[in-house]
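Dropping a structure here in structure tokens format, bear with me for questions.
Naming follows writing order (A, B, C and D), and every chain is counted from residue 1.
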Amino acid sequence: MVTNLALLGAGRIGKVHAKAIAEDKRAKLVAVADAFADAANAIAETSGCAVRTIDEIEADQSIHAVVICTPTNTHADLIERFARAGKAIFCEKPIDLDVARAAACVEAVKKTGAKVMLGFNRRFDPHFRAVRQAIDDGKIGKVEMVTITSRDPGPPPAEYVKVSGGIFRDMTIHDFDMARFLLGEEVVSVMATASVLVDPKIGELGDYDSASLILTTASGRQCVISNSRRASYGYDQRIEVHGSLGSVSAENQRPVSIEIATKDGYTRPPLHDFFMTRYTAAYAAEISAFIDALEKGTAPSPSAEDGLIALTLADAAVQSVQKGAAVRVSI
Amino acid sequence: MVTNLALLGAGRIGKVHAKAIAEDKRAKLVAVADAFADAANAIAETSGCAVRTIDEIEADQSIHAVVICTPTNTHADLIERFARAGKAIFCEKPIDLDVARAAACVEAVKKTGAKVMLGFNRRFDPHFRAVRQAIDDGKIGKVEMVTITSRDPGPPPAEYVKVSGGIFRDMTIHDFDMARFLLGEEVVSVMATASVLVDPKIGELGDYDSASLILTTASGRQCVISNSRRASYGYDQRIEVHGSLGSVSAENQRPVSIEIATKDGYTRPPLHDFFMTRYTAAYAAEISAFIDALEKGTAPSPSAEDGLIALTLADAAVQSVQKGAAVRVSI
Amino acid sequence: MVTNLALLGAGRIGKVHAKAIAEDKRAKLVAVADAFADAANAIAETSGCAVRTIDEIEADQSIHAVVICTPTNTHADLIERFARAGKAIFCEKPIDLDVARAAACVEAVKKTGAKVMLGFNRRFDPHFRAVRQAIDDGKIGKVEMVTITSRDPGPPPAEYVKVSGGIFRDMTIHDFDMARFLLGEEVVSVMATASVLVDPKIGELGDYDSASLILTTASGRQCVISNSRRASYGYDQRIEVHGSLGSVSAENQRPVSIEIATKDGYTRPPLHDFFMTRYTAAYAAEISAFIDALEKGTAPSPSAEDGLIALTLADAAVQSVQKGAAVRVSI
Amino acid sequence: MVTNLALLGAGRIGKVHAKAIAEDKRAKLVAVADAFADAANAIAETSGCAVRTIDEIEADQSIHAVVICTPTNTHADLIERFARAGKAIFCEKPIDLDVARAAACVEAVKKTGAKVMLGFNRRFDPHFRAVRQAIDDGKIGKVEMVTITSRDPGPPPAEYVKVSGGIFRDMTIHDFDMARFLLGEEVVSVMATASVLVDPKIGELGDYDSASLILTTASGRQCVISNSRRASYGYDQRIEVHGSLGSVSAENQRPVSIEIATKDGYTRPPLHDFFMTRYTAAYAAEISAFIDALEKGTAPSPSAEDGLIALTLADAAVQSVQKGAAVRVSI
């Protein structure tokens, strides 16, 4: 049976998901909705699906699932609405910037029994998955210390910063999820330091552009996260996991991997400079995993709960910076 | 205007090209032909094109170009036929295993003025292109020495070896073309050594599985090629160009680039183990370049002549091994 | 003029320094003292110097400087004594495990005007120096974030742990000094987490074997330190400095740098497994820098004050772990 | 018992060997001879040995061995003379530039039974030794193809070229020896191409500055050598051995191994730019191996015969270039 999907939100990331659906034979994109007709039409034309309203999609019994790519502040409402409508849901992260609202949404979803998957795309990066696989295969023994380096190519515009929820809820949230994906135990404590080193405007908006964090689990496993809103050399995305028998790491990715040697040294090109080219394979794989779960009737992962936990860790980080102390988290 | 394409041959490589055409908005796959109905039907279903006979395709004025992926021994005939029919042609390498037949085909094509592009896919690998770009940008000064390492993951079956034309016409032919792509001058001399180190059956068929070659240009530039039919660690495909101001190289590619460190050392996974996964991007880019040339009315490259020259170098290599001496080539 | 040096302590590290002195033409090792006659004799024989008592060395006006490699608990006394005797002093780190005693020693030395250099050997590692040089040359712009990974090949024996002063004063102390060497600003705050993941015996002795730290400077620069007492793959010593214009890093060192590719992947050998082979060049360079400073009459660096500051940061780390909060430091 | 050594020739390489002897407790440098008194005195002063004439050294029964670092044209005579005098001999390569003279010398030595070791230092490079060890350990199975890349940082002065014997006897000779060290079988055929791409003056002197070679063994194993007299990025010295089960390679070495990442990419420093810094460890290890052989009474390796064979291969390369054909060698 082919899974019929509708896309809510026809922006940049919506297009990526539409393409991924088109390449998966087990699914069919049957409808797209967007406040901007042009955006919806563009995807409809490419993929051969219909432009519909959200109401029409909600009412259409032949649509099994929705992919939510609308603005963040609509996520929780849409998740609840389509959960009640009996559809499976893939939603871009985060559920909401407010942890109480997100928790309420998770609670509401639970009552419906709807399947919800949250778009932590990095879990599907082939390199990071291979790191996790190496851990699962016992290659490095017991996990002890995780190191995540995550730096954006450049700072976001002020308009974005204002609605982003701050660096921890917007940027580090991916790293919180990755930490959980790799630590093998829940985080019980968050220590964070943050400052404004890159762009004073970010500071004027009450946010930070540089942050260092230490997460700890109950048994004492540690995770260090290093974030910056600027990396001249591209989109810096590295993880390393140190264990009792060894270490496994995923290095940065670049579009071309040549090396030029001259009297000035050996030079390789900069990294990917955009998250969508860096994580192309991850975006395709996450939609495939969603379709897979629907087809097999299993619970899609990462779940809405995973989204809520990452947000809780972000809130703890905000508090930790303010208090200059570790903040306990109970998950 | 959209370019209408027909696919001749619906095998493994035909599918790859069908997919590439589907992703290029400037073109449309309108027909597919194959002696095996199942193969043709499979592509027709996925891409939404019609299954047609070669005769029908030839006669259809709305079809602008054909992509030839049929067995090697049909290439020259099909090229000539479709050139006369006024269609542009993309043909998998080689034109023919016999240099005289290939030369006659090139001659025949020339008279028709048809546009013919030959499928030397490696020219379109993003890493190798970046090497060429670095040369063109003057990063390494004047080219002096090219080194090509090209090793298959494992030896081909005897059935394949029998009809392959031998290692130089089947395998090294890609390296001959790459050498010309990078040397910046035509080859005037070929020295080759070959032996059977991998699989005695290959020797029984009169072929070799291990070869080393030196190509020289008129001004004395040199190219060294190292071929083997076996590399336990995957599909080994490296190039390096040494020039007056420096050197540029493209390293091997692997599906995942993690590294595991244990008491036994630091280990990265093996390379791609299949030419189609190694050169995925190259296959897409070459079809895109073909469509691009048709759209702009420029000559597609590499041309049928390029195919003929590579074959001429392969013949010279065969002779060089037999004579134990350098063989002069005039191109 | 040749600088005459005496060596106090003829153990493992004493031998290393004796060798470094022997290779520097500007200096001459004229005396060695050790409680164990055999140890002193061995160095005397190799280097051609005399075995003397500490009293004799103190009284000998022709001896310009001493190199102190005795047990830690003798350092402060010996430094004060030889400072009063008007000799220049190179002393292995730390001055003392007690910050008050170390501060008193620094104070006492100041009154004598004696030249004292502390053996933070890593500042003289050629790779780490090159990192610092790149910063000084403006290659990465303004320093923003420093990352130090420092892991021992294996946990120390219980006997050593007991007298070590704990992981922060024994192991991290090198990283505190390296952080200051690279941050370009003094540290004002220390946040630390520590646990026992490697060896329960270390926990029974009240110490930790795994630690993560965040240091912050007044302007908000951050340094993350990751420590473990075990790394199966060798002595893991990496630094990375991220700045406004880029990043500079020093990778791990291994005795041989071959790579073996097989069906299981590409494997490079483990790292150095011992600090003395890892830092061979650094040990030679630090003695050379000491002799250089004496010859030129400049202040040797790192100084006794640098040793005191590193110890102060270690104390802050201990407190931070106990309090679960950042500890302010005023230096 | 300590081995007493005398050094003949106190130039650049003589100093290197004097230092290596000084660091080996099993040996003692007791005399040095050089036509230039200053050079001899400098070494005598540093090492504490006496300046003697060659006659005196020859006559001194307490001297067990000589290390010959005099100009090439004196090697054969000195080897014969000291072999007759009953001393063990370490001689810098080559025995002579003339293969007949070298053969006569080897013959003469054989009659005396003297122990002669030839200074093919690269066999003692720790990285290359590790490559050989990996082969001996069966890590790559049966050796099939060897690739040697050997490029000097810059072309030698005309004065040197004139007396060098040409690129094959001067530069490739090291690679011939390395090929034999790694191939595991004797070379039976040499194919070479050479040209003048770097410096026309080298061509005017009848020599080449760029060369590519293919060596073959009886069972069909192949070795490719790539030589250039110029590499802007430093002293380029790589080897790779491909076998039935895998491949092993030794990469280039650099003085410092940092990496700087900026908007222009990731840059590592150039390589060593001088053979004496590149092969520091190799020079020390080869003298140590010589002393070791004398102490144990075993035959030192590489031998004078190894030197003769490498020279024979160089002669074959010269002929191959002239004839444009493979040249058979019987060793």
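Note that in this section a contact is a pair of C-beta atoms (placed from the backbone, for glycine too) under 8 Å apart; a residue touches a chain by one contact, two chains touch by 3 or more.
Predicted model, so just to flag it, every value in this text is computed and none were measured.
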item	value
Chain pair showing more contacts of the two, C-D and A-C	A-C
Distance-maximising chain from subunit B - centres being C-alpha averages	C
Chain centre separation in whole Å, for subunit C relative to subunit A (CA means)	42
Where subunit A touches two or more other chains at once, by residue number	231-233, 245-247, 261-263, 269
Subunit B partner contacts - residues on subunit C that touch it in the complex	231-233, 261-270
Complex interface listing, subunit C residues touching subunit A	142, 144-145, 147, 149, 151, 189, 191, 193, 195-198, 210-214, 216, 219-224, 226, 228, 230-233, 236, 242, 244-247, 323-326
Of subunit C, residues touching subunit D in the complex	126-127, 129-131, 134, 139-140, 245-251, 253, 255-263, 269
